[in-house]
Amino acid sequence: MNHSTKFSMSYHDSPAIWKSLLLQGVKEDGWPWDWTSLGIQPKSASVKARIIAKSDGIWAAEGLVAALSLVAPELGTASRARELLTASSRVRTGTRFKKTQTVCEWKGIPELVLALERPFLNLAAYACGVATATRRIVELVRKACPERTPRITATRKTLPGYRDIAIHSVIAGGGYSHRVNLAGGVLVKENHIASAGSVSKAVTAARRIAPHGLKIEVEVRSERELSEALRAQADVVMLDNFSPKEVRNAVALVERSSHRPLIEVSGGLNENTIAAYAMPGVDILSLGGLTHSVRAADLSLLVT
Amino acid sequence: MNHSTKFSMSYHDSPAIWKSLLLQGVKEDGWPWDWTSLGIQPKSASVKARIIAKSDGIWAAEGLVAALSLVAPELGTASRARELLTASSRVRTGTRFKKTQTVCEWKGIPELVLALERPFLNLAAYACGVATATRRIVELVRKACPERTPRITATRKTLPGYRDIAIHSVIAGGGYSHRVNLAGGVLVKENHIASAGSVSKAVTAARRIAPHGLKIEVEVRSERELSEALRAQADVVMLDNFSPKEVRNAVALVERSSHRPLIEVSGGLNENTIAAYAMPGVDILSLGGLTHSVRAADLSLLVT
Amino acid sequence: MNHSTKFSMSYHDSPAIWKSLLLQGVKEDGWPWDWTSLGIQPKSASVKARIIAKSDGIWAAEGLVAALSLVAPELGTASRARELLTASSRVRTGTRFKKTQTVCEWKGIPELVLALERPFLNLAAYACGVATATRRIVELVRKACPERTPRITATRKTLPGYRDIAIHSVIAGGGYSHRVNLAGGVLVKENHIASAGSVSKAVTAARRIAPHGLKIEVEVRSERELSEALRAQADVVMLDNFSPKEVRNAVALVERSSHRPLIEVSGGLNENTIAAYAMPGVDILSLGGLTHSVRAADLSLLVT
Amino acid sequence: MNHSTKFSMSYHDSPAIWKSLLLQGVKEDGWPWDWTSLGIQPKSASVKARIIAKSDGIWAAEGLVAALSLVAPELGTASRARELLTASSRVRTGTRFKKTQTVCEWKGIPELVLALERPFLNLAAYACGVATATRRIVELVRKACPERTPRITATRKTLPGYRDIAIHSVIAGGGYSHRVNLAGGVLVKENHIASAGSVSKAVTAARRIAPHGLKIEVEVRSERELSEALRAQADVVMLDNFSPKEVRNAVALVERSSHRPLIEVSGGLNENTIAAYAMPGVDILSLGGLTHSVRAADLSLLVT
Amino acid sequence: MNHSTKFSMSYHDSPAIWKSLLLQGVKEDGWPWDWTSLGIQPKSASVKARIIAKSDGIWAAEGLVAALSLVAPELGTASRARELLTASSRVRTGTRFKKTQTVCEWKGIPELVLALERPFLNLAAYACGVATATRRIVELVRKACPERTPRITATRKTLPGYRDIAIHSVIAGGGYSHRVNLAGGVLVKENHIASAGSVSKAVTAARRIAPHGLKIEVEVRSERELSEALRAQADVVMLDNFSPKEVRNAVALVERSSHRPLIEVSGGLNENTIAAYAMPGVDILSLGGLTHSVRAADLSLLVT
Amino acid sequence: MNHSTKFSMSYHDSPAIWKSLLLQGVKEDGWPWDWTSLGIQPKSASVKARIIAKSDGIWAAEGLVAALSLVAPELGTASRARELLTASSRVRTGTRFKKTQTVCEWKGIPELVLALERPFLNLAAYACGVATATRRIVELVRKACPERTPRITATRKTLPGYRDIAIHSVIAGGGYSHRVNLAGGVLVKENHIASAGSVSKAVTAARRIAPHGLKIEVEVRSERELSEALRAQADVVMLDNFSPKEVRNAVALVERSSHRPLIEVSGGLNENTIAAYAMPGVDILSLGGLTHSVRAADLSLLVT
């Protein structure tokens, strides 16, 4: 499985995945009833502001910056409609920023800068937090296994409304989507096997109904289940909660078999444990924690 | 400032704050095109399932459990409409659960149990994660300052769409809302002071327009600004990024003054630093991290 | 309580509070199936139109005029996309217009002028109606009590979907928001006191849970209840359905007390009765009628 | 034109026209963050409440009462889901209520009664206000012209989002819809005539495109235009801003003509002027004021 | 009944009826997760594309082309926001295109061209399919009955969400709307007659409640019912499932009667049968099949 | 590729895919302003109705029938809330109905039966039309190629808003989904190959970014391109616009090759041509016409 992070970021960092969340953030925040600001006559009709990083990380918000100029006209005041708000990223999505660096710049009317500051930061801090944690894992894995490096994937453990943002941010960090949603992949788990009666029956059932373009992946919890999955011609096997040693044995078993599915390892993977699992023969390492437990990036807006 | 966590939880843990997110989660997850499950004929028309905790924590999802029965009829199949899904919490919102404990029980048709499993867990894990972290902070503060214990508050650092869930979860953990949104409180910050020309002018401007039921809170970054805020008759002062010693001096300054506003401390507060700031005279301690960097509670569903 | 109507109107007259209502108006009106107009080939590709006042009043629709240019591209025809519709206010929100005066001017393609005419007028007539009635009350109060003039506030008696428009229009008329909604203020009423057991218990309960930035207001219906509210350290007292004489006595009682809450008068206030209640010591006069019984301003569109 | 108000009210007083507005009202009101109530433990799990009329009027909210039970489950708390809220009208839509009368009764959990009180009253007061004013006009017309009594119709002067509620309320008062929206009727006005070049050309243009089931109505401002409309075979003529005497002449002119369209009178009609226009030969009297300037009915909720 | 297809198309081919469907199409299509395209670096920042017809037909998508430029900014990538997508029709709505002809041209960034291709084609193929089939019927009718040619109308047999698109497309083909929806016309059918007790009672009931601008149309299934409808002064009669000979007799019956309603023929009309029904005296021919069974026009996009 | 149509239909015929379209249909239809029915007092509070087939077909609307009871309470009148509407299918989704057969039965209040009749029929006729046409194709293919029968798949040629309904209906007819949307499959087409530079480069690019569970399908237009696709290790090849003879040669080429991808045939397939393409070795036959050109099933509602 050959792969790399050198691809065009343009699609998935589209304003489309940000705009409605950004606008929802402004509305949820009670704007335009910002009583603190309403009484103050701004000193000038236009201000500049910078988003400053307060720690190192990976930028994942170019599309969000682009969405600012889509949202501004929905909020902008009557008399100064043309100036509203413009913003530009100083960092490309997927690349590194340093503490104290200016990651993007805004220019616009003070009311809109204040209205959009908090919702923008809340979204950007989440996305960059995901990207930064992903990159850390990707680098650990590359270092531990520089040849046939396994790919890092996210899971479906994302907050409702944030699936797209989460996948985008994982990709920005150098990771991959596992499946966008249930319609975009097949993963036979314990409950399916129990319902169907056996691994083989569950695989057959899935193959009978799933679109022909989807591979059949099977989660296994033991070497015995792995053997069943191999017999059932699973296209991918997921080794769930295996120890590194058990993974090594499983890889050997697969490589001896006439049928060579992709091998995914899952369960208990994090910054501390990942290196031990990053071994040749493992194709995919998947981590729920990349998206369910996010440490926000530290960003703040400075009016200049 | 007298307060306690003994209050009715019924309101803010209403299905109203959960239902649309839960339904959005199911849709975003590509249901009903769950190819893995579609081909399998379930063994029985009804199954039981339990949500199991895999670590200790604070429950914050009673309302979410209630929302399950609102969402099920929107998904339920034609021929078995009456059985669909029922669920009940075994733990009250705001109370503790232990590792291995069953926190709630489901009974319903297999298709709906599978459809709702992941979106439910994603939401519950977030809410309980927030509540658990809040409770930890609340207990540290109580221990450090058992008399005139400061109140812990969240901030506006929440993902768009999750403000209500976040506030609810903080309250479930024993904390408080700072302000629901810009319309529900006044907080004069650096940028407002700069625009208005002085602390006093910014306070006057806010008082001139804000509803009469809102207090005027002023963020100060030095003892000099604190003195200005006292002169401007601020109702609340927020000491931003003060060291514990500076806080102590500030409290003394306020208590010597003829005007006694509430005192809030903010900036750099976390599990490691909070005890040093929990001192008599401080009324409020606010932490962005409670809601911007959430460690998901570890919950899983077991079909039984 | 010092206040004035000289503040920036820009925020709360944002297109954000108008756009979706304006678009909803067009859709609800059955456009584009305007059979009367569809068959007529307009004489020119562009027309001018003016909104004319047919009676005196206060303008409150600058933001609505701005929203026209946001809505037009959603309706505009293919071949003339650039000309669509531009509009500008000739009067600033919050200022007076005279009968026969042109309050704003439009220029655009005839189809859009016709499509937007009725929804625009319906909204503008409502907002200006509220602002005009508010201004009348404000002026009566100023005249009756030129020193320590009480502030006029609206209530929560607004049609669903029109809370923002109503508050905006009251402010445009020189009045104030009471509380934007339940999350933005505390008002302990008869039912709360009955549930809690006493004024004091209800106040304590509210203080225990409400954000620290909210004052506690208590509605009282007698001098006895007023005394209880003073003892409970209410931050604001609302004298409900007091006669002017009872108000005078209540003010005296409060001013003798060691605790000086703000005093609000409510109940039965209208153009005929307001002057009698506008007395020094009263801080707030609130009127439901400003928003629940609105006399539309008389405006019409003239194609020129 | 024979007509009467004795018809089934069931359709148009459907919950369908109320439910989303009622729910919007609750959300807009900041619920569930009702800080005033949140801290109070209700004395009992269920309360009764009554809606009391404080003045005479016409009831128009049976469907709104029905909508209460659709909205309650979206808000209801987890532990008491079955009791939530039930409500029943004591008065039928379209019939009279008296001051001090109980118009409907509620029973449910205290939190929901409080949450729904204000949005319900805001909607009911509007609808009953419209119905009451309409009935007053209908009765004046009946008295002035007991034979061949003209029908009273509303106009398109309604707030966006309230077209259905407004038409319903007018019908509840004994009036009629003019046209639901632009797609449901043809009304050739001054601007159309100017664009088309003549009354005759505008009528021809409308007839060429409009569905065959729509009559062609023409607004005329003089006897000359009336003659043109008669020659153009208009199906309905609207006499705009005619004096009573001019109306009488116009009726005579029409009755002498070979073509007998329906005759509508419009412009300047209100409680004071309507009797003078209610004459045999006039088929329709239309009043914008029924819906653009509404005096809310005086209703309040009493927890018992 | 005089009519023609020479009218301005601008109104009903507005972007308003297309925009939300086009955007919904893109979202439903899983964009931005177009895995096939994401990994490919486009050769140039901008491409041109043409929509080519693969068979003859009638164009009905000018407004859809206009909607492209409204939707593009919601999807467009950050770094090339200004170029996005422009598109122009080479054919006017309502006019003929030939096989191999370019019907419109696009220019924009490759990602957006690919994202919008399929949703655009799906909508355009439907609309042009309806228009093309309508035109075929219109021409058959004109040929069969060149004098007093009956008008062709659509019905309410349209997919939810597509009523506006369907009516627009029928008009583009030279047909007419029957009624936009239930609020825009009266059609007394079998069930109404059964409920009311007789044709005459049903007509009276409708006339008593319907807006005065709506004609009363009655569906009749026999000559006896036709006679009743004539006696009840129906404004329009619909001959349902009459043979051509029965229609001829019915027309004669109507023309002998003192009351001359419009005559509509409905039931079993299609390309094979229509000519036999197209006779003088028949005013309207209505066909459900124009909108319920649509043969998509054959269009494809070619990147150049 | 082994497959069969014997699977549980419960999931994908869920009310979830029907409810909002059904409700949208009712609203779009102008209900509750059904003037024709409003004036008629129904003879009884409850009626029965049957949906009758007027031609043979395949039923695909069990879930839609279930959705009726979800939609009814949103429309139902106040005084008879419990009876509203119940409905049950007499035919299982995926099975055959005969002309004159009753496919489902309704019981409820007359107003709701009338309100839901047309939107229900419009949706059911579409879905059953798709299922019926699919079944016809499936049977032709089975007959032509009883061993190793190719699977029939739909495409992405569906109206915005109808993707789920279309896939469901194709499956009900015995066909398969190709890919739900762009996120659920990879299909490298001409434009991708041109952008990437070669088949091999396009396949590599897709494999580099796509989730590991997706197969890589390549559309080829000649034997040369097929050879390239085989060399690039495509998982599926789509033979686009090949003649039956060319398909036969291509199958032979593939079966000689060391790499055996799935073979799909596409382009110009319909009832007349399908048998010639249904040959052993072909795994998938895909037809856009199943969903882009739908002949509605002939269904009608009879009140009994």
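Details
Note that the chains take the letters A, B, C, D, E and F in the order they are written out, and that residue 1 is the start of every chain.
Assume a residue touches a chain if its C-beta (ideal position, glycine included) is under 8 Å from a C-beta of that chain, and two chains touch if they have at least 3 such contacts.
Nothing here was measured: the structure is a model prediction, and the numbers come from that model.
With every chain reduced to the mean of its CA atoms, the largest distance from chain B is reached by E.
Chain C and chain E have Cα centroids separated by 44 Å.
Taking each chain's centre as the mean of its C-alpha atoms, chain A lies 32 Å from chain F. Our note on geometry: chain B versus chain E, Cα centroid distance of 52 Å, whole angstroms. Multi-chain contact residues of chain B, defined as those touching 2 or more other chains: 7, 30-31, 33-34, 37-42, 177, 180-181, 183-184, 186-187, 205, 207-209, 211, 214.
Chain contacts here follow an irregular pattern that is not a line, a ring, a star or a complete set.
This structure has the following touching chain pairs: A-B, A-C, A-E, A-F, B-C, B-D, B-F, C-D, C-E, D-E, D-F, E-F.
The touching residues of chain B, counted against chain F in their complex, run 26, 30-34, 37-42, 73-79, 81, 111.
Interface of chain F with chain B (complex): residues 7-8, 10-17, 19, 62-63, 65-66, 69-70, 89, 164, 167, 177, 180, 184. Across the interface of their complex, chain F is touched by residues 21-22, 24-25, 28-31, 33-43, 110, 114, 118-119, 121-123, 125-126, 129, 156-163, 180-184, 186-189, 191-192, 194-196, 202, 205-211, 214, 289, 292-296, 303 of chain E. Contact residues of chain D toward chain E in the complex are 1-4, 7, 151, 153, 176-181, 183-187, 204-205, 207-209, 211-215, 217, 235-236, 262, 264, 283-284.
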